[in-house]
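These notes open a run of structures that come right after.
Common to both upcoming complexes is chain A, partnered first by chain B, then by chain C.
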Partner chain A sequence: MSSSAARRYKLLRLLEPYLFLAPALIVIGLIFAFPIVRLVTLSFQRPFQGQLLFVGLTNYQTIFKDEVFLRAVRNNLTLLISVPIMVFIALILAIFLFDRIRGWQFYRTTLFLPYLLPITVVGLIFSYIFQLSGVLNDFLKVIGLERFILDWLGSTKLALPTLMFVIVWKEVGFGIVLFLARLMSVEEELFDAAKIDGANWWRLQWHITIPQLATTIEFFTIVSIITILSWVFGYVYVMTGGGPGNSTMVTELFIYLSGFRYNQMNIASAVSVILLLVTGIFIFLELRLRERSVTLEEMP
Partner chain B sequence: MKTPDRILGLIGSFLRQALVIGATLLSLFPVYFMIVSAFKTRFEYIEDKWGLPQSLYWANFNTALAGEKFFIRFANSSILTVGSVFVSLIIACLAAYAFARMEFYGKRTLFNIILSLMVVPPVVMIVPLFVAMVRWKLVNTYHGTILIYTGLLLPFSIYLMTNFFRAIPREIIEAARIDGCSSLRVFWNIMMPLSAPAIITLIVVNALWVWNELLIALVFMQKDELKTLMVGIAALRSRNYVDIPATMAGLLIATIPIVIVYLFGQRYFIRGLTGGAVK
Partner chain C sequence: MSKTRFVFVLLTLVSILAACAQPVTPPAEQPQQPAATEAPAQPAEAEPVKLVIWWWGEQEAPGAQQWLDETIAEYQKLHRNVTIEAVLQSTDSLIPAFQSAAAAQQGPDIQYFWGGVWTLEFAWSGALVPLDDLIPAEERAHYINNFERTYDGKLWGMGWYLSGNPMVYNPTLFEKAGIDLNDLPDTWDELIAACDKLNAIGVTPISGGLKDGWFGGWLFSILGRQNLDSEKDFMKASIGQAKFTDPAYAEWWERLNQLKEAKCWNADINSVDYQQGQDQFVQGKSAMIFGNDTFLKGWAEIIGWDNMGVMRVPKYGSGKLADTYVVTAQGLGITSWSQHKKEAADFLMFTHTPDRLNAWFKYTGVLPADDRFDTAQIDQPILKQIFEWVVQSSGPNLENFIPSMLDEQANFTGTQLLFAGDKTPAELAQLTEEVAQKWREQNPDQLQNFVNWYTK
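What follows is the complex of A and B.
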């Protein structure tokens, strides 16, 4: 073989990985990198006589004086209450299913189902359930609890908690399946040894199950926080539209409305930057966690 | 001497069973409610909201299919789902092959960046994306929206496929290389067929995601004849739709494909959605 052919072969081997990566990098560049850079510049600009002018931090100052935006942030923070609730419910149910109670596979299938249904469909069904003349109130009347007949989605006090219930209802299945899958990968001997040592059910959970689940719990918590901060648009859009009286306004809906209904792209961009920074913290934490659990094992 | 323990154990297992059954009923009720309501007349629905229908009233399905341009919406959702799942699969597998089986400068950093994009919420990119898509004349087009979905699906897809490709023994690839296979042939004739389970997982999980997605569809497919099923459904509520049974029939038809795919591919779903987090 001539040395130039060898060199060409070496060059090909050197370039080849980038050829395999090229389509992915181009699409990711177009859909993630470019928009994020553009987002930051947009957030420092404002339209003036058909041109975008640099206005410094004006957009940021505007939103932090905006009552509706502040309300949206408060609501997102309130919704975070659902995170520990979801972790708790998922943990209990996963442990029960792991005890192999009769029919556990059937239960796993049905408990996971809500997670797969479209938010739009779920939201619409629940809005018929929680309507003033809906299923829930009819049911309360039948069992004689008339004083609990309330306008679940139509009152400013109740709409957000109702929304939170629906979010928990749908998202908790992911936690159950996640925890259960992790428990099933723990060596049986660990549980058997503890049982032989005479550990009762509670001690078994406390000393074996929970420590074995620690990383998975951490992961589910972070993912749920990200979900609550930045993936609840569908629920709000379908069930309440942010109302009544902005009582269920969330950051995502604020971005959508100011960007596409009120034509304030630059305000929407400033809010997006803030949302990205906040979720960025949790994205970073999630990444660290993933690295610890899987990525390191074989990365040369 | 053992009796109290056994009684306690029995009570414990009874409580556990009761709690799990309660949770199961709660997670099934809305689905049950959707199904029974879809078969009731409007009058029957008002009279009895959660009971079984007296007889199956199929006319709701006609109303649902005729109204709201149901078939067009269904087709639009299908086009976007098939298109973006297919394109992202090919692109992701190529990239994953490079990450799993090739050495190059910046590999680790690049992989970490892509990992972190996995959970970046699309809502933050939506304004600049819209501005760009208007300029590129890609708003209200199938290929424009497929491009966006493809981009959003890529990080997770690359991650999942890389992990899977890494598990394929190096010896197989070395052997093929000695036989004179090019990288592309190794990829196409060895890696891809061996990865069938991972590919099915990816298709199932990604298809579900695109089918259910609302925000991107809402912003980038605004023309009436381009709207997706989920956008159509979301609009029913804001229009104060009064025919609840017909609406439920529509929801049922929109949900059936998902439930069928889920019941047949449950293990793929679970593997895909828990993949990486559980080890």
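What follows is the complex of A and C.
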């Protein structure tokens, strides 16, 4: 083989993996990179007299002065309270189900069911339940608890907690199934040995169940944070529309309104970039976590 | 490559691509228009043409679907080379879907628009073509409410049907409460007195639903007008040449609050949406609504014409608009990317032929936006009354003359805050002014368009 042919062969060998990767990279580029590039570009521009002008960070400065946007961010942060609540409820219920209480298989299906329902269906049903003249208040009236009749969705103070309740109700099933699946793969001997050593129920959970679930809890926590930051649009849109008085406004709805109601696609893009970055951090954390859990599993 | 490094490389690539990206240009310039609409070609010789219409309207004018299907079938019979596909949009997807189409320069040939700013925003962005070169002036002159769609001396859409806002009442409940049907409330004090009487017999005086926001905009348009003389006054305040805190603009918040304090409204107004609020009237749970005349025929089919009456909104102000009946023409426009503008214009004109105008009224009970409509067809007294108001004292729907951000963040939000008891009328007037100011700061381009619209 001549030296030039050898060089060509070497070069080809060097390029080979990239050539194999190329089709996938092109598809990923078209599906993900292009929209992101376009989004980032738009966030630095503004329309003026038929042209889109580069305006630097103006859109970003604008949104951080916008009270409605700040309210949306505050609401997203408030909704994060639901994450530890979801983790706690999912954990407790998973432990009970793992204890194989009577009818546990039925309960497992029932508790997972809300997670399978479309958000719009859940939102609509709960809208009717929580209206001032809705099912819940009618029920409270029937059982003589009139003083607890409240305008769950019509009050600026109650609408966000009500929304939070619905999110927890729907999303907690995912946590239960995750935790239960993990617990079922834990070796029974661990629990048996602890029982022989005289560990009571609390000690079993504290020293075996929770440590065994640690990575799953972390995973569920991060997925729930991502959900709260960037997947609650459906709930808000159907149940409250961001009201009353912006009390349930969230960043996703703010993006939608800016882009499609107020014709401010560039402002919407700037908020989207911020949301993408924040969510990206959590996605990155989640990836790291998975990496770590794989490493732990591979350890002898 | 570790995942960390991969993410880093990906982000770097994205940043480089973002930096290198060409500035995104707005939708293409409007193409040159033909001098005039020519008669459609003969079927045997003509090239096949497909027109796509994205429309909305069945939601507020039940029967519109039937009319459109029939109209398309008849048009296709006359023009065998033309196929028309009509896609009904939901209220929430109407604007977003068209915005996406405009960004892609692909989508319908004919698009449905609400009046005023809802149409002109798309004219300003280049998504629409003016009809002046496509539809003869003589024809255009017959369309009602053209002023809503006129900008820079050109007409950017065609009115299809009229949508007005009467106050609708239940005569049986009025009589039961002792309200004289021959002396209906026509001042604010009389309206509040009527609320007291209705409350006394355990009937909700007026029902509405604010949860989805839209009704807040209606209230602004119906009540906020009474101290002012023209839609231009509201454009003036939007562009910063007047203030929404001025008493003439702000008083409606106080008046709405008076109705709230007098328990005129359904208690669940904040937790039900617009449609549910209107339904309470149809179900006989409330005695009045700020209604929409496009729904009258549909309601009559449920409760009968005898169980409905219409009246003008009681007055508190003395501006010229206080005496007007709110009317807007919902309309259709032709998109700049359409390959068949002439044919689209021809179809639009076909919808305004006498036979189609009369059929429209027959199917929907709604007045078409054309003065050639045979008014002898109106035999129902309530609809006759509506027609009389339209002819004698129609006035603009103010939501069509303010920025949509102002409508949403001041009117939609403000009415919810008022009924939640979180803000006073004065605070809400201040909120409106702040939103207007924010809109001006955030949207220099839209502001310039509004200034041009206001001044020209």
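Quick note on the criterion: the second predicted complex is superposed on the first by the 266 of 300 C-alpha atoms of A that agree within 3 Å, B and C clash if a C-alpha of one lies under 4 Å from a C-alpha of the other, contacts with A are read in each partner's own complex, and residues count from 1 in each chain.
We take it that a residue touches a chain if its C-beta (ideal position, glycine included) is under 8 Å from a C-beta of that chain, and two chains touch if they have at least 3 such contacts.
The model shown is predicted, which means the values in this text are computed figures rather than measured ones.
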Touched partner set for A:R38, first chain B, second chain C, both or neither: both
Touching partner for A:L70 - first (chain B), second (chain C), both, neither: neither
Touching partner for A:I210 - first (chain B), second (chain C), both, neither: neither
Dominant contact partner of chain A by residue count, chain C or chain B: B
First (chain B), second (chain C), both or neither touched by A:G50: second
Partner chain(s) touched by A:F260 [first = chain B, second = chain C, both, neither]: both
Partner chain in contact with A:Y18 - chain B first, chain C second, else both or neither: first
Which superposed partner A:D99 touches (first chain B, second chain C, both, neither): first
First, second, both or neither for A:I81, with chain B first and chain C second: neither
Chain B versus chain C as contact partner of A:I281, first or second or both or neither: neither
Chain B and chain C contact sites that coincide on chain A, given as residue numbers: 36, 38, 42, 127, 134, 241, 256, 259-260, 265, 284, 287, 291
Residue numbers on chain C that touch chain A, as the complex places them: 3-4, 7, 10, 13-15, 17-18, 21, 23-26, 95-96, 99, 103, 121, 125-126, 210-213, 267-272, 403-405, 408-409, 412-414, 416-417, 419-420, 422-423, 438-439, 441-446, 448
Interface residues, chain A side, partner chain C - complex: 33, 36-38, 40-42, 45-54, 62, 66, 68, 127, 130-134, 151-156, 240-241, 243-246, 256-257, 259-265, 267, 284, 287-288, 291
Chain A to chain B touching residues, read off their complex: 14, 16-18, 20-21, 23-25, 27-28, 30-32, 34-36, 38-39, 42, 89, 92-93, 96-97, 99, 101-102, 104, 107, 109-129, 134-135, 138-139, 169, 173-174, 177-178, 181-182, 185, 201, 216, 219-220, 223, 226, 229-231, 233-234, 237-239, 241, 252, 255-256, 259-260, 265, 268-269, 272-273, 275-276, 279, 282-284, 286-287, 290-291, 293-295, 298-300
Residues of chain B that touch chain A when the two form their complex: 12-13, 16-17, 19-20, 23-24, 26-28, 30-31, 33-34, 37, 49-50, 90-92, 94-95, 97-99, 102-104, 107-108, 110-112, 114-117, 119-121, 123-132, 147-148, 150-152, 154-155, 158, 163, 166, 183, 187, 208, 211-212, 214-215, 218-219, 230, 233-234, 236-238, 244, 247-248, 251, 254-255, 258-259, 262-263, 266, 269-270, 273-274, 276-279
